[in-house]
């Protein structure tokens, strides 16, 4: 019974996501595509940050790699920015594989640095990515970017053609609708795989590495390899997310994969509640949709100045509200959106979890005291093994 | 040869300014554990204050207000926001600072508009020439002042009680507080110092050869991140050396770009990060970073 | 009767709002006296000091009842800085000197609250008088000092405020005997200069020698108090520190209940316990020699204890065996393998599992997940098949969960499997950690203080479990423990370390009578 | 048991969905015709209003200039509506802010597309690059996306004047023909990474080949506001002129550093390089000395009826506003779109496709001086003109630029696209 209850929100969510295209306008469909692409990337990042305790600001690099891998391998042979003409399904898989390989190449650093230090080191990747995107013109199309071949399986295209008319329950299914279901399937798969991984031997080993490297090593976990595994997995997710972004845009250019994208991924998972897959999804949706919603509706507020008149405009207000929302979540919601949701559930369900335990006993005296100032990082930035 | 020296001088003076910014990152990080993504907008705030006040109250008074304003802004961010985080860890603190950065930058962008606000420095567009090298006066002054500032920092940290207390708190906050050192104060001092250094850097970054203040000035702080990281995250000396390395490497990459064409166009932007990654491959803790074994 | 400078009345402290660390602790320090608080790891000594110096908040603790008065002033609403300014200062456990700061700067940081430059100068001169070696090394970085010098620096740093009451947390920890003597003399000197001292010690010998009066703290409560002379004469203390003359020789008589405590565990591998040989092991950290030329052998399938006063090097030894620390010289053989040359995870693969002194569990994860980490080395499915939940992976997962359930049942934590560790009491956490080590199906089990902080009843259950597992699975156990009755009832052989040196070895009975051992624990007078 | 139930449910759902599917278009072949009048209408047109869109940057880096354009556009249509509007309808502008974020631009485009008949403007390189393919698929007129040559791939894209590459080629021609550079000389090109800068560089490189000069390229980013290193490199290379494809902050630095290093050579900039506030900076004197600009759109101060009208509108709408090329540009954009709307109305097809078709039928559009020559939009792969205005910095002219004349040099004529 409680099992069923726990699954209810998920089932409802999936149901809503599946039915939404029947009602939503193109705007919401398009925004939804971006949100779902972001969800995939955020799940990957939360596996790295939340489960393994490693930070990455290099996700834009892996997303770019995935996007261009898809565009290049699925692209038509010949033309200005040539392609390999592979089937799009294969290209989508390759997007993940190539990003994972690149993640593995970074292992000398990702296996040795921990936490926020790794995060800063990976900033470099974003700039490296940009340099490559701009200079490898035959593959990337340079500054102007390149078009992205629409996704298709034999006999069915996820664009407006082939078959050029599909309807479900009387609603015409255009490219956006078709992509929506493709994206939804990928998101569900990504979430399912992510959840399995989190609850598996690998996931437990990663969590142990995060909490105590020494203890993990003593249990037979190869600490450096575990970190590399987490980094590679999360790179693969980012690669797939990049390919989805490419499909959602239809055309990609270097500007789409800047540092801002990496930062946005990080905002998503922190707002959602680090380590939680549902939180990553919620955070991604929040970050992608909130600015759009604010821009759409803030202009309806009465006290605002019209654009160009120098007063506080709707657009500026929307941006300020977005920043304020981020700050408010961090100040008031412990554990982010997921943490708040689970507290809400607990409060409704039953009393605090630790009543009825055995008589408490004092903790050891010699435990390493927690950092005295909030947020003081661990003193060591490298791992020992 | 004089061409090389000119580029070198350019790089060194720019590197010293980067050092000022990078030291701010280090101090905030060691005193409160925050990766300060809002450092750029604090820098811009300081410089903006100077630009708008230099006309009514004069340049030097404006400089004082700008530095004090940036320092105060840092202290406020720490006291009002950072210390009230629901969950204090480096990740949430960093994201908090991103939120703060968006807030500040949106407002400053709105105020500045598409104008370029001159900073009104008395040295204007003068240049100094020595030994065949031409350097903008502002850069020469910046370099000299940076050296003086670093000297003052050294004196502060090595010779004054407050400075030693800050270092103690950075090294081991818990023990430092047992000595009666108030971590709230060392934290505030760290943010104030970082803000002041950022404002100084901002003033020079907005001086000739730059035309003045534009919102993109805030992005310059990001250029100091590789300097900070390759210096070793928690080392003030490392940040300064990192700044110099990044400054010189960037200037040389730009200056000799035509000879380095096989590496692709736009080297100036990627080279600092490439250098940073190379350094980390050899020394994951950075050049001056502390390598400490984890105790069980 | 002189005025009390510090009165602790009926103090209770809890961590994270749930875990109770101190209960009804009362003690007083008279002006001009030296008072010792004795107790083993996990007794709540450091918690007591943190409560007094108002620094519990930073580790998530809070005073839930009782008062602390310093010179009549209730400290309830004061912060650490105020307390220091009022003349109550602490030299923390493990010295905690600022390693990157010079000796002079360390002292300067200590004297931060002293505004008057002349007073500061005077204080530093007094410190240099007291510790001439510090004057010699004043411009050297703290991290480069030897252990004893670091302890002096920590004390000197605390003295910079010219405190009225000095709190010393385990000043003898990890120091050589001459140095302990010297530290004792210095405490006497400090006392003679008019400073009251509250000394927290695990080294009862040292504590009782220096103090006028002592309290014994056990599992968060004061269990004995009196003048030093009285306490060192009581059997109670001998009991507690050596397990000598206990009424019950072993918690459970071997043999009797064995049938009932069948573990139901089966080994999935056929690996057998092997002989562990430690040869000439030396470990140095910076200036400190933690172990010097230690040799001993643990025969296959036996329970071997490593005992010794705090700072003797026991945990260091366990850490070297487990691969967390590197030996400076010497070798460790486990069967044919050379442990001292392997990284931790390879050692674990050989069937060596361990527990940690400071519990190292994943707090957010469930008990079951923590136990399953122990099975890590036994599980074979790869990342991909786990992600896809292939039948193979699910089968394995089910089997492993079953195995973990059996281990949990053995340790009496079966009901807690779904709870996340941070909601557990300390004793349960200890059991979970033991369970995690057992889950790895080790052939050699390294236990670092498995019952520290447990009540007598709890440690009895733990001893039963260890013995049952050891018998059933034929594994070797090397354990480090302070609880002497526990050790004496369980171990077949005991190696005694003191100040990093091997001082005795033999059966529990032999060791208990060894005068060297008595001296190490209780001081010369007791031997 | 539970598992089986779930599977059954899922199967049932799938079957239900499949049953509801259809690949037959019920209104295949039908069009969205309008019953009243002779004018066919589609999205964004009702009986009394025509809605056009502006997708611009009101909160990002180009907010200030974008706001000027929004103000001017509003003023333009307000007056147009007073005078009777287009096709008997009032023109309304729907303004959305993408904040220079391509993702937002694409989503907002989706929200606007059903409500507008044409997009007068999508501001910004990355944002317009993201929106252009979508607008093309919808057959939606799209203007004001800057002057990058990539727009020539799209039938629906309207370029206000010529491309950055033609501007770059004309700049070289002007340097050679009027400013005394000769064969064998070197020209520095300092350009932003991105389509704007690289497009300008391509034009300059073509012209340099034609005229026998050598290009010394220096790539920069918007973050670079200190161009000392670049100037030293150019000086070392011995350039006799510099072409700049960047923003005002870079222009000020470039001119200032060049002056301080004693480099007395002309600087020619593309349209977005100049802003009047630069003359108040330390680089002011150097700019007055050496700065020229080649622009598709007429500078603010030009005395031609189209520009005068724009000025007059703007000064009424925002008396304290910043003066710059944004003002005539916004007027020109609105005017071009109005022309297309009017023609579409005449043709009886006021659908988005009809507006694009109307634009593509425009072959000889006189803009009363807003552009240097009449515009011809009939060739998709050709810019509507290859002539640009040349101006130089001036302390007296409003907007800081005084027009010297127009240029269409030989290499601008010989430049080929594709």
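The chains carry the letters A, B, C and D, assigned in the order they are written, with residues numbered from 1 in each.
In the analysis below, a residue touches a chain if its C-beta (ideal position, glycine included) is under 8 Å from a C-beta of that chain, and two chains touch if they have at least 3 such contacts.
Quick caveat, the model's predicted, so the values are computed rather than measured.
A.B. asks: Would you identify the chain whose Cα-based centre sits farthest away from the centre of chain C?
C.D. replies: If we average the C-alpha coordinates per chain, D ends up farthest from chain C.
A.B. asks: Could you compare the number of C-beta pairs in contact for B-C with that for A-C and name the larger?
C.D. replies: If we tally the contacting C-beta pairs, A-C comes out ahead.
A.B. asks: Suppose each chain is reduced to the average of its Cα coordinates; what separation in Å results between chain A and chain C?
C.D. replies: Computed value for the inter-centroid distance: 43 Å.
A.B. asks: Based only on mean CA positions, could you tell me how far chain A sits from chain B in angstrom?
C.D. replies: 31
A.B. asks: Could you list the positions in chain A whose residues touch two or more of the other chains?
C.D. replies: Where chain A meets two or more other chains at a single residue, that happens at 134, 214, 316, 319, 368-369, 371-372, 384.
A.B. asks: Give me the residue numbers in chain D that touch at least two other chains, ranges are fine.
C.D. replies: 59, 63, 193
A.B. asks: By residue number and range, which residues of chain B touch two or more other chains?
C.D. replies: Residues 106, 110, 173-174, 176-177, 222, 265-267, 269, 290, 296 of chain B each touch two or more of the other chains.
A.B. asks: Can you name the residues of chain B that touch chain D in the complex?
C.D. replies: 3, 6-7, 10-11, 14, 106, 109-110, 112-118, 124-127, 134, 136, 139, 205, 208-212, 214-217, 219-220, 222-223, 250-251, 254-258, 265-269
A.B. asks: For chain A, which residues count as touching chain D in their complex?
C.D. replies: Checking each residue of chain A against chain D gives 25-27, 29-31, 34, 134, 142-145, 147, 160, 163-170, 172, 176, 248-251, 253, 255-256, 260, 288, 291-292, 295-296, 306-309, 313-316, 318-319.
A.B. asks: Please give the residue numbers of chain B that touch chain A in the complex, ascending.
C.D. replies: 29, 31-35, 37, 81-96, 98-100, 102-103, 106-107, 110, 169, 173-174, 176-177, 183, 187, 222, 225-226, 228-229, 233, 264-267, 269-270, 272-274, 276-277, 280-281, 284-285, 289-296
A.B. asks: Can you tell me which positions in chain C touch chain A when the two form their complex?
C.D. replies: Going by the criterion above, the answer is residues 14-15, 18-22, 41-47, 55, 58-60, 93-94, 219-220, 322-324, 343-345, 347-349, 353-354, 356-365, 369, 372-377, 379, 381, 383, 386-389, 393, 397, 419-420, 423-428, 436, 440, 452-455, 458.
A.B. asks: In the complex formed with chain B, which residues of chain C make contact?
C.D. replies: Against chain B, the touching part of chain C is residues 53, 55, 58, 79-81, 83-85, 89-90, 92, 96, 98-101, 105-106, 108-113, 157-158, 161, 315, 319, 324-325, 356-358, 360.
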